[in-house]
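In order of appearance the chains are A, B, C, D, E and F, and numbering begins at 1 in each one.
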Amino acid sequence: MCASQLAPLVRSDTELTYVEIEHGPASIECEFDAMLATPGTVARVIAAEQEGIDAVVINCMDDPGLRAAREMVSIPILGPCETAMHLAAMLAHQFSVVTVLDHLEPQFVNHAKVYGVPDKLASVRSVSIPVLDLEEDEERLVDALTTQSALAVEEDGAHAIIFGCTGMLGVAEAVERQLEGRGISGVPVLDPLVVALKIAESLVDLRLTHSKRTFPPPSRKAIKGYESITALLAAGVA
Amino acid sequence: MCASQLAPLVRSDTELTYVEIEHGPASIECEFDAMLATPGTVARVIAAEQEGIDAVVINCMDDPGLRAAREMVSIPILGPCETAMHLAAMLAHQFSVVTVLDHLEPQFVNHAKVYGVPDKLASVRSVSIPVLDLEEDEERLVDALTTQSALAVEEDGAHAIIFGCTGMLGVAEAVERQLEGRGISGVPVLDPLVVALKIAESLVDLRLTHSKRTFPPPSRKAIKGYESITALLAAGVA
Amino acid sequence: MCASQLAPLVRSDTELTYVEIEHGPASIECEFDAMLATPGTVARVIAAEQEGIDAVVINCMDDPGLRAAREMVSIPILGPCETAMHLAAMLAHQFSVVTVLDHLEPQFVNHAKVYGVPDKLASVRSVSIPVLDLEEDEERLVDALTTQSALAVEEDGAHAIIFGCTGMLGVAEAVERQLEGRGISGVPVLDPLVVALKIAESLVDLRLTHSKRTFPPPSRKAIKGYESITALLAAGVA
Amino acid sequence: MCASQLAPLVRSDTELTYVEIEHGPASIECEFDAMLATPGTVARVIAAEQEGIDAVVINCMDDPGLRAAREMVSIPILGPCETAMHLAAMLAHQFSVVTVLDHLEPQFVNHAKVYGVPDKLASVRSVSIPVLDLEEDEERLVDALTTQSALAVEEDGAHAIIFGCTGMLGVAEAVERQLEGRGISGVPVLDPLVVALKIAESLVDLRLTHSKRTFPPPSRKAIKGYESITALLAAGVA
Amino acid sequence: MCASQLAPLVRSDTELTYVEIEHGPASIECEFDAMLATPGTVARVIAAEQEGIDAVVINCMDDPGLRAAREMVSIPILGPCETAMHLAAMLAHQFSVVTVLDHLEPQFVNHAKVYGVPDKLASVRSVSIPVLDLEEDEERLVDALTTQSALAVEEDGAHAIIFGCTGMLGVAEAVERQLEGRGISGVPVLDPLVVALKIAESLVDLRLTHSKRTFPPPSRKAIKGYESITALLAAGVA
Amino acid sequence: MCASQLAPLVRSDTELTYVEIEHGPASIECEFDAMLATPGTVARVIAAEQEGIDAVVINCMDDPGLRAAREMVSIPILGPCETAMHLAAMLAHQFSVVTVLDHLEPQFVNHAKVYGVPDKLASVRSVSIPVLDLEEDEERLVDALTTQSALAVEEDGAHAIIFGCTGMLGVAEAVERQLEGRGISGVPVLDPLVVALKIAESLVDLRLTHSKRTFPPPSRKAIKGYESITALLAAGVA
C-alpha cells in the first residue's frame, strides 16, 4: 500500500521499489524495536547496492541502521528523520516533531543532537496513537496531528512541523489545510518519507553520497550468526 | 558563462534563467559588498515571483537578501550557503568551508550559528584568491582548493568540503579527483550553487517553501528611495 | 524629538548629533525594512567619520548595517541590540527582550547567537504595537511594556528586561516603577539607545574600537548604483 | 581471561559473572559491528535479570544495546563509555578518549553529545591497533597509549584520559606510571570497564536504576525472527 | 543526627566521620552564605588528609570549596551537586533539581554549565522551605518535594529528580513512593549526600582522584589572617 | 601605585578610592587564593556602600566575591573579567585571554560559561610570570604579552586580547604597538581593570545595577566567626 502511495510522487525517470525486511518487529516504537529492525534493514541495503539500486530510503523515523548501512555501501542511504530535520531547519526558524507516542521524545532530541541541529527542534509532541493503529481511522489521525501541530506552533514556537512517523504518510496536505482552517497558515508540514525520497533523487543527480571518512567500510572479521548478512557479504566479495 | 555551465545540470523539465542584479558591487567579499548586493537581489526575487518563476537560487555564498527575499515572496528562495551546509551535515560528521579570502571566516561561523549547524563546521579555510581572479587560472584554483581541502581533512577533521564561493563553480569533481590522488578518498566536495539548484527542484516537487511564521510579509509603509523596488511592489498590488 | 530626549542623557563634554538617513522605510519591523535602511545607515557612518565624529550609535534594535559600517570606518559603531544584550548579560542571570511585534522573535534569537549570548536570552515578548504607533499613547505603551515584562519575569525566568525597539525611548523608569507596583522589584529595565550612547562614551574614553580582524576594510572594486555611497568613498580617498 | 582479570577488582560481597554473547562479530570497531553485537547483548541482559543478577556492565566502549537493554529490564545496566565519561567529567576539566582506531572519533563525539557532556571531551586519539591485536604485545600497547595520552594532555588540553576500548583492560596503572616518567603527573587514567563495574556496585547499594520515563518497557508486538529473544520474552511473561 | 542517618548507608568496611566546620553561617542559601562556609570547609579537608582520611564529601549542594579543596589535597573530594548531576545524567534523559528556595535557580544552572551537563538539567524547582526549617515537619517536606517533583516530571520533562539541599536527607524513598501513588513511577529520586558518599567509596576502590592538571597545588605565598588554615599548612609542611 | 596609575583614567567628575583588603593572600593565582580573598572583598564592598560609594570594581581577574557582594549591596559591583569579556565580545568575533600562568585556563573557560559567552573565547594563553613578579621587569612583561597575543591571533583565531591579570595594568598600548610592529594591527587589547572602571562610570550614569532577582539579599542568620563582616552587617541594620 505504501508503495502505491509513493509511486506517484517520484519523478518519471525514477523507478521505485518498496521492500519489507525479513526479520523484525511489527512496528518500531522504541530502541528495542529499532534494534530488531536494524540488521534486516542493513542486509536489504547491502542487497540493494549489489542489485544496482541508486539510492535507498529507510522507512522509519528512527532511521534504524542508517549509520551501519552507510558503512557497508557507497550509494546514498537516507534517513527520513535526518533528512526532514535538515530540510525543516532550512525552511523555518524552529520545527516541532509530532510523533505517535509521548515516550519517543528523547529519541528525537538525541537525533537532533547527533544530526547537528539541536537548537532547531522546538518540541516533540505526540498523537498518542500506536503505529499499527495509524491507518485505522485517517480522519482521527488528521485531527490529532492538526491539534498537536497547532499546539506546537502556538505554545512551543514551532514554525514548521515534521511528522514523527513514516506511517503518517499521505496526510500532510490535509493537516496543512486544517491548520489553515484554524487560522494557522504558512506553516510547512513535512511528510518525512516523501522528503527523503525527493532528496534521494537530488543526491543521485548530484552524484553525492555520504562521506567515507565518517562511514568507513568495516574491516573483515569472523561473524557468528547473521547468515543472511554473511551470505550477502560473501556474494559481494565474489 | 555561469548560465551555460549550469544549464546541463538541471533536469530536462526545469527551465533555467540566470539574471544579474542591476545595482551592486563587482564581487561580494565582505558585509559591505553583501549590503550593496542585497536590495538588487531582493528586487529580482520579487520580479521573479511576479513573472511566474517557481523557485530562486541566490548566486552568492553569503546568501545576501535570503531572509528579506523570503519575506516578500512565497516561492522557495535558496541560499547556496544554507543549503550546502545542511546537505553536508547529512553526509558527513563535520565539514569545512574552503573560501576565497581568510577574513570571511566570521561570516561562515555566524551563518552556521544562525542556520543551526554550529557543531558541524570543522573549519573555514581560504585559497587567498579574490573572487574576480577565480576564473583567471582554473588549474591554480583547483590546486589551491585541493591543498586547502586536504589540510581541512587532515588537520581540522573535515569529512566533507563545501566551496565557500559560488564563483568556484564547476571544479568540484576535479578537486575530488586530486584529493584522491593525494590519498584522500571518499570525501564529498559540494559545489554549493549546483547543490542549491537541485534542492530547489526538489522543493518545487515537494510543494514546500519557507515558513511564513519565520518570514511573514512586511506591513506596507512609506519608503524613501529604492524606486525599482517600490515600482515592483506597486505592480504586485495592482 | 528623539535628539531632544537624548541630549540631557549625555555627559557635558559629549556633543550629540542626531541624523536621519536619506533613503529607507518609515519604520523597521522586518528583514526587508532593515535591508532598506542599511545602505543609508552605512553612508551616514562613513560621512560621520569623515566629519570627525568620535563614535556612532545606530538607532534601531535590528542593528542594521552594524557589521558593514564597522568594515568602512575605525571609529566605534554601536548597535543598541548588541550593547544592551551584553550589558544585561552582566547584570542578570537571564534577560528578556520586549519588542513591538511577535514576529520579530527569530531576529532577536539570531542576534543573541551571533553576538555570543544565546543562553542569556530567556524569551522574546511583544506589546503588539507597530513602531509608528509607539508615540501615540505613552500610557498604553508603558502598560503594555509592564504587562509583558512582568510575564517575562514570572513565566520565562527573566531577571532583566531589554526594550526591543529604540522607539520605546524614555519610558524605562516608568516601567520599572510600575513593575515595582506589581511587586516585581530589582529588575533592571534597559533602554537600549541610552545604554549604547553611554557605552559609546566609554569606548571613546578607553580609546577602544572594533577589531579590524573581524571587520577588515573592503578591497576597492567597481560599484553600480549607490551614488551617494560611492561619492563618499571617493571623497574619503581624495 | 577477562573474567579472571576483573574478579580481584570487585568487592568481596560481589559475585562476578562474565558471559559472551552467542551471535556477533569477533570484535566491535564500527557501527556495523556494534549492530551485530546488539541483539545478543540485549538477550543476555534480559536473561540476566530473569536469573536474578543485580546489575549488568556491557563489555564494549560503544555501549551496544545500552538503551534497548534498559527498556527491557529494571536492573541497572551500565555502559563503560557513558560511565567513564561522567566520572572523568567529575574529576577533570576535560578528558580525552584514546581508542583503537582513528575512524572511531565520530562515535565518541556523538556519545558525548547524547550522554550530555559534549564540552568535556577534549579530543579523541587512537593507538592504531585493531581490537583483536590488543593483547598481542602489552608493552607496545602501553607505549602507544602513553604516547597518545601525552599528546592529548600537551596538545589537546586533556586533564584525564579514558581508554577507548574495554580490551585495553588492566594497563591503566602502567600508563599512569609511564606518563609520570614523561613528566606528566596527576592525570587520572580511566579503565572504563573497571569504572563501570565499581559504579554498578554503587548503584545496587543505592537502589538506583535508570529512569523508566527515559526507557519505558516496549509494548508487546509480533516479532519475526530473533527466536532466542522471543523465547526469553515468553519465559519472562510465563 | 546527620551522621547517625548516614552511618547505616556506608559499607561495613567504610568508617564514617561527620565534622562540622568551625566558622560559617547557620545554613547555606546563597553565594554569601557559601562564601562564609568555604574557608572552614577547605580547612577541614586539609586536616582530613593530614589525618589519613581516604575521601571527603562536602555536606552542601552548593559544593562550597570543592575546587579550592581539590587544589590543596590529593584524596578524592566530592561535591553532592556535581556527583548527583552526573549520576542522574547517566540514569535519565533529563533531571530536575528540587531545592529549598526559588532564588537558587541560577546557582544550579551555573553549576550544570561548569560541571559540563547543561542540556541535562530540565528545570529547578523549590519547596519554599528555608534550610533550617527542613527538619521541623518531615511530612510537609515529603509532600512539598512530591508536589514539585511531580510538576517537574509532568511540566518540565524531568525523568529523574535530585534533591537540591543535603538537608533533605533520608526522604528519597518516601518521595518515590508518593510519586508512585500519584501515578508517576520509575522516576529515580537522588539523595545527593548519599549518592556522593557511595561514589566516594567507589573512587577510593578505583584509586582514582581529581586531576592535578585541573586542580594544581597553589604556590606558597604570604597569607594575612586565616590562622587556622595557615597553621594547617605549616603542619603539612613540617 | 595602582591607584596613581588609575587616577588619570577616570573622568574629572569621578572620585577614585583604592582599598586593599585586610585578610587574604599576597596574590591570587588559583581557587584557593581566590577563596582567601573573597570574604575580605565582600566586607569592603559592604563598607563601601555604607560609606556612600557609587560603584565598586574588584581588582582581580577571577572576580572574587562578585556574586556574593552583589547579594549584599545595591550599588553596581564590577568584575574585570566579566566586564572585559562582554566588551571584547562586542568588539571582536572571538577574543583570547593572556594570563599569568597556564593552569588558570579552566578558570577562564568556566567564567566564560557562567558569564554566557563560551563561544567567544578563542583560547587562554599565559606569559608564565607569577603575579608578584609582574612589576619586576615591564619590558619582559610587554614582550611576553606581545608574543602570546600574537600566537593567540595567528594560531587560535583571536581578534581581540584581554589581559588575564589586573596586575598587567598599564601596558595595553605598548602591547598594541608591538603587535603592530609584528604586522598584527587593528587588534584591540583590553586592560580589564580600566575597562571595568569606565563601565562602572557608565552604569552609575545609567542608574543601572545588577538584578536583585539574580542576586537577592540573603536572609539573616547566625554566623560563627567573620567578626569584621558581622560588625558591618550590624552597622548596616542599625
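To be clear about the criterion, a residue touches a chain if its C-beta (ideal position, glycine included) is under 8 Å from a C-beta of that chain, and two chains touch if they have at least 3 such contacts.
The model shown is predicted, which means the values in this text are computed figures rather than measured ones.
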- Over half of the interface residue numbers used by both chain C and chain F, so same, or under half, so different? same
- Query: So if I superpose chain B on chain F by CA, what angle comes out, to the nearest 5°?
  - Reply: 120
- Item | Chain centre separation in whole Å, for chain F relative to chain E (CA means) | 29
- Distance in whole angstrom between the CA centres of chain D and chain F is 43
- Note on the structure: Residue numbers in chain A touching two or more further chains are 93, 106, 113, 119, 159, 213-214, 216
- Note on the structure: So the complete set of touching chain pairs is A-B, A-C, A-D, A-E, B-C, B-D, B-F, C-E, C-F, D-E, D-F, E-F
- Item | Of chain A, residues touching chain E in the complex | 105-106, 109, 113, 118
- Message: For a test of understanding, state which residues of chain B touch chain C in their complex under the given definition.
- Response: 22-27, 29-36, 38-40, 42, 65, 67-68, 71-72, 103, 106, 110, 113-114, 130, 132, 213-216, 218-219, 221-226, 229
- Item | For the chain F and chain C complex, residues of the former touching the latter | 11, 78, 82-83, 86-87, 89-93, 115-117, 119-120, 153, 159-160, 185-188, 190, 194-195, 198-199, 201-202, 205-206, 208-214, 216
- Query: Touching chain B in the complex: which residues of chain F?
  - Reply: 93, 119, 157, 159
